[in-house]
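What follows is a pair of complexes built around chain A, which joins chain B in one and chain C in the other.
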Partner chain A sequence: MEEISRSVVKKDHAAKVSGRSIYVADYPSDGVLTGRLLHAKTARAKMIGVELPELPDGYYYVDARDIPGDNNVNIVLDDMPVFCRDTVEYIGEAIGMLIGPDEKKVEELLGEIKVYLEEMEPVLDMRKAEKNFFEYNFGHGDVGQAFAEADRVFDEEFETGYQEQAYLEPQGMMAEIEPDGRVFVHGSIQCVYYVHNALKRVLGCGDEGVHVLQDVTGGGFGGKEAWPSILACQVAVAAKVTGKPVRCVFGRREDMEYTSKRHPSYCHYRAAVKDGKVTAIDADVIYNAGAYSTLSAVVLQRGLIAAPGIYNIPNIRIHGTAAKTNTTPSGAYRGFGGPQTFFAVETLMNHIARELGVDALAFKEMHIAKQGDLTSTAGRYHFPVPVKEMIEEVDAACDYRKKRAEYASPQTGRYRRGIGMSMYFHGAGFTGSGERDLIKAVAKLRKYSDDTVEILAANGDIGQGVRTTFSKIVAHELGLPLERVIFEHPDTGRVPDSGPTVASRSLMVVGELLRRAAIHLKEIWADGKEQEVEERFKEPDFVLPFSIETFEGDAYPTFAWAVNAIELEVDTYTGVAKVLGAWGDFDIGTPADYNVALGQMEGGFLQGIGYASIEKMDYNQYGRIRNNSFSDYLIPTTMDVPKLVCMFHVEKYPDGPYGAKGAGEVPLVGAPAAYVDAMEQALGGIPLNHAPFTAEDTLAAIRKEAI
Partner chain B sequence: MVNGRSAASLQEALKIRANEKVVPYAGGTDLMVENRKDVTYLFLGKVPELRQITADDEYVRIGAAVTFTEALESPLVPALMKEAVAKIAAPAIRNAGTFGGNLGNGSAKADSVLIEFVSDAKLRLVSVRGERVVDVDAFYLGRKKLDLMEDELIAEIWLPKEGLEHYYYEKVGGRNALAISRISFAGVYGEKDGKITKCACAFGAVADTVLRYRDLEAMLIGKTKEEAKAEKEAFLAAYADRMVLTQGRVSAEYRKDVCLNLLRAFLEKFGI
Partner chain C sequence: MDAIRFTLNGAEVSYAGSAADRLLDVLRNNYRCTSVKCGCREGECGACSVLMDGVLVNSCCVAMGAVEGAEIVTLEGYRETKRFAALADAYGQVSAVQCGFCIPGMVLASEALLAKNPHPTEEEIREGLSGNLCRCTGYNAIVNAVAIAAKEGDGLW
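Coming up: the complex of A and B.
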């Protein structure tokens, strides 16, 4: 193990386990007003107006008319309003906010507001969308010719569902006006500068008019990438109008029903096979973006880039749309568009192999890309692709090939077994040239006269451990004990913009800036003196520039790789599947802290297994999500954790700190494909095409196929 | 405004119950999360008479304020009941949740109630006016509908001491813990001198109340195993015909498939 990988006690461990951490809901309520949102109850309507009850002194109602700046939340397209405009686009859309000192009274008054709407027919089916927010087309080779020359053509459809982030702490934000007139917003946040920039537009001010602090944050998983920008604007407008601190913390049902989730997907794939090999893939991908575009552009991009999987297919054509529907805006969730298309392409490859009568693993191995090959965007795999070695490691850990052969024989009892495998990547860092052109990350180190060193970076610890791993890197380079390196939650009033806490980028990109800054500081170190150093992102020289217009170039400088195997036993009487074991081999480069990295792998893998099996969420014919509580939307409990074996395969990335690369998201991405593969085997080799695959789905398949 | 009353004895509890409009509770694992407004709760968790597990010649008597954890630790409670209770929620909830509460909640998903149905349990209901003993299926009328007077309290659950040894139990939840039953099944089997004497089958969580069809059970009573085998498909078909299930968190179709599969598994377990 590298020295940097040796585990330490996390910086926030003691405060969190002893319950001393202050989350946004924990700040004293003295003088703080409670804000509650007035949510639309109709999926699509023309807004006519609201009729307020008599508001007692000290109670306020704010809506779009009170916005000092512009009623658009800065995300990607800025189409999401702070408070609804002249139409309602989804159930839950914020019409206004009621604010006052007593929470119960606020709730009561909220219930008395009359909302006048003219209902319209909502669009709920992504395949019947009237509008696509984004549409991309790319590919290479001659797909038409490959299909014309094919021995066989495969045509399949795949679907995946919502997944709720289910962070422990719901969305919550607080705003106050400081004595100098600056608006101070703090709360449960992944990306302080996203919130900061959103506030500037809505408040109509510059950088000097606002600052944003991340409070201790109880999990994000992507769910606090964009939504905090919306809620921050809402509480900031309320604070502006009332002149008092305003806090809004979502209830669980409110959070589950109205905030963003993973995009449901529909994929239509065609594949051409010639001489036993896939010669072409033609994929048509739809992601349900919901009512506003929010992050869908980038989620879809990542999904499309992964559409041909990790395979070197000479001819590909990829077409994808982010469809507008009258449902809650879909957003970021660990994996960010990757799990959907990897599920489709991995399952497609399994089905083709089965139809050709060859072993799926051997078939996939034949197609795996290698170092130097073209990526789907005609960039290069610049570094070794370790997947074949990782397959051997997983096989050694769980006897995959032997079990696969064993479970392939006909099974007739009540309980039947299967084992499945998936192999995939997660592109490390922002898609395309975002790091270079948009983010331009800056990080600083400030040394104080007592020779402690403070990290000034915008990345927020949301449980993934960056407060610890960043500090370890700096302490390591400076030869300081860990406690002499400080990294507080970021406040845009005092840290530079080192970019958002997303895309598995923090450690790889900002961690490397900090490592270089620490080396620089060491060179100029003067005991007892205050000193500051700064580092700026520079794109590595090897990177082939990426064009978002043509989807050509290196979408990512490097990739985290993974191979997953899942073994399960299905009860054919109840449909309930028991995961007997789940093995994940993950190449995240050098782990920056072994325990932190292992925690990420185990947690992410389990979330993936939940996504594959029991986490089912849908809306009804009115566009309403009904399973909006933890008794109706089930995630795995500790009793549902199977034998979970996570391993590291280290392929060092030269431009990440000590060889580290993106780690946060990769463990979740491949579980649905491996799970459904195992399920297909347990059910006698029938093709399955959707995830999650629930107990109810299993019995429906048994009924349909008369197994 | 929420008020709380508590009682140190059953007599005191019954007086309060007779004179005030109160919602009785003990563990509060369901009621407290409801966060009702403007109610007066009557806390029964410290009433000694309701906290005992005893046995007489015929019955094991479980006090209404006995927790699931206490039942699991008692040598008197039948294995079938323990198996069901062990799957309720999670340890912390089992430490607080009680038999009376599980019944009083009026849900066909209640895991201990299914066992009371299949074992022909009786309930002892008490009030200042006296007491009465009723069959559980006469008490449990439908969703949130109980044959319980405004002044009555559930005092005890009486489970037969004998005859619950041969059983088949299965709970199908959405996951392994903290899972509300989606389908639950309990079957109790008995035979004497080569003839079937008992074939009780109860289905939970699939309709407004726990389902049991005594006339269908009678199809197999008095038969030998061989005769029962010959009758098996007709028996299953009769259930398929009779069971009208509701859609809940899962479809009615799924529920029915599982019910019939588990009924078949029960018969198979006892060689039918």
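Coming up: the complex of A and C.
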């Protein structure tokens, strides 16, 4: 094990384990007003107006008319409003906010507001969308010719559902006006500068008019990437109008029903096979973006880039759209578009192998890309592709091939078993040229006269451990004890913009900037003196520049690789599947801290298994999400996957700190494909085409196939 | 109406509010026990777990009327004990704390389990913590932490 990988007690351990950490809901309420949002109850309508009850002294209502600047939340496109404009586009859209000192009274008054609107027919089905926010088309080779010359053509459709991030701490934000007039916003946030820039636009001020602090944040998983920008603007407007601190913390149902979650997908794949090999893939992908575009452009891009999987297919055509529907805006969730297309392509490969009468694993191995091969975007796999070795490691851990052969024999009786496998990557860092052209990360180290060193970076610890891993890197290079390196939660008033806490980029990109900054500081170190060093992102020389117009070049400098195997047992009487074991082998380069990295793998993998099996969320005919609580939307407990085994395979990345590369998202991505593969085997080899695959789905399949 | 008297972290207190108020809200708002987290308000997530007469309960589902005469322990009190120190150390050894929001409930669930069963098997640990949701860790580290605490804190429970 590398020295850096040796685990330490996490920087935030003592405060969190003793319950002393202050999350946004924990600040004292003295003098703080409570804000509650007035949510639309109709999926699509023209707004006519609201009629307020008489508001007692000290109670306020704010809406779009109170916004000092632009009623637009800075995300990607200019469409997401702070408070609704002249139309309502989804159930839950914020019409206004009611604010006052007593929470119960606020709730009571909120219920008395009359909303007048003219209802319109909502668009709910992404396949019948009237509008696409984004559309991309790319490929290489001659797909037409490959299909013309094919021995066999396969044509299949795949669907995946919503996934709710289900961070344990709901969304929450607080705003106050400081004595000098500056607006101070703090709360549960992944990306302080996203919030900062959104506020500037909505408040119509410059950098000097606002600052944003990340409070201790109770999980994010992507769900606190963009949504906090919206909530921050809403509470900031309320604080401006009332002149008092305003806090809004979502209830669980409000959070589950109205905030962004993983995009449901519909994929139509065609594959050409000649001489036992896949010669072409032609994929049409639709992601349900919901009512506003938010982050759908980038989510879709990542999904499309992964559409041919990890395979070297000579001819590909990829087409994808992000469809507008009158549903909650979909957004970022760990994996960010990858899980949907990996589910489709992995399942497709399994089905082709079965139809050809060959072993699925051997069939996939025949197609795996290797170092130097073209990626789907005609970039290069610059570094080793260790998947074949990882397959052997997983096989050794769980006896995959033996069990796979055993369960393939006809099974009888109530309980039936299956084991399945998936193999995939997660592109490390921002998609395309984002790091170089948009983010341009800056990180600083500041040394004080007592020779302690503070890390100044915008990345927030949301549980993934960056306060610890960043500090370890700096302490390691400077030869300091860990306690002499400080890394507090970021405040835009005092840290530079080192980019958002997303895309598995923090450690790989910003961690490397800090490593270089520490080396620099060591060179100029002067005892007892205040010193500061700064580092800026520079794209590695080997990267082939990516163009979003042509979808050509290196979409990612490198990839995290993974192989998953899941073994399950189905009770054919009840449909309930028990996961007997789940094995994940992950190449995230050098773990910056073994325990922290293992915790990321185990947590992400279990989220993926939840997504594959029990996490079912859907809307009704009015566009209302029905699974809005932990009783209706089940996430895994301690009992669901007792045997969850995660391993590391280390391929060092030369441009990441000590060889580290993106880690946070990869463990989630491949679980649905492995799970459904196992389920197919347990059900006697019937082809399945959607995830999650719940107990109800299993029972329906058993009935239909008369198993 | 008489005030509701109960013991909070060893101190006698009395609550003059409504018997229908939730213990969760009263602990957070009236006694500043902010280690008690609100994750769902409907008894599903376990983030608001406290010990009531030694039994783990979801404080969001306990009406103050039921608290009369009870002994309530939150992490604010429990963190002063040797048992807590053993658990905190074990959680730290395996980095079982990620975002931390479920952790006060998890620690109290660990205590409730070990108080009843000082040497639990892995399966018993999983069952003992099954009412507390964690979205970050995948639970392995937390389960390991409880096993370590049981071993290293031998004699404390």
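The working rule: the second predicted complex is superposed on the first by the 707 of 707 C-alpha atoms of A that agree within 3 Å, B and C clash if a C-alpha of one lies under 4 Å from a C-alpha of the other, contacts with A are read in each partner's own complex, and residues count from 1 in each chain.
Keep in mind that, in the parts below, a residue touches a chain if its C-beta (ideal position, glycine included) is under 8 Å from a C-beta of that chain, and two chains touch if they have at least 3 such contacts.
In this text, all values refer to a predicted model and were calculated from it rather than measured experimentally.
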Contacts of A:631 with chain B and chain C, given as first, second, both or neither: both
Which of chain B and chain C A:170 touches, first, second, both or neither: second
Which of chain B and chain C A:252 touches, first, second, both or neither: second
Partner touching more residues of chain A, whether chain B or chain C: C
Chain B versus chain C as contact partner of A:614, first or second or both or neither: first
Partner chain in contact with A:639 - chain B first, chain C second, else both or neither: both
Touched partner set for A:463, first chain B, second chain C, both or neither: second
Partner chain in contact with A:17 - chain B first, chain C second, else both or neither: second
Set of chain A residues, in rising order, touched by both chain B and chain C: 631, 636-639
Parts of chain B lying in touch with chain A, wherever the complex brings them together: 90, 170, 172, 174-180, 183, 249-251, 253-254, 257-258, 261-262, 264-265
Residues of chain A that touch chain C when the two form their complex: 7, 9-10, 12-23, 25-26, 28-29, 165-170, 216-221, 251-252, 462-465, 593, 595-596, 598-599, 601-607, 629-631, 635-639, 641-642, 644
Complex contact set, residues of chain A against chain B: 414, 572-576, 614, 627, 631-632, 634, 636-640, 695-696, 699-700, 703
Contact footprint of chain A on chain C as seen in their complex: 28-29, 32, 34-42, 44-45, 47, 74-76, 79, 84, 87-88, 91-104, 107, 122-123, 125-127, 129-143
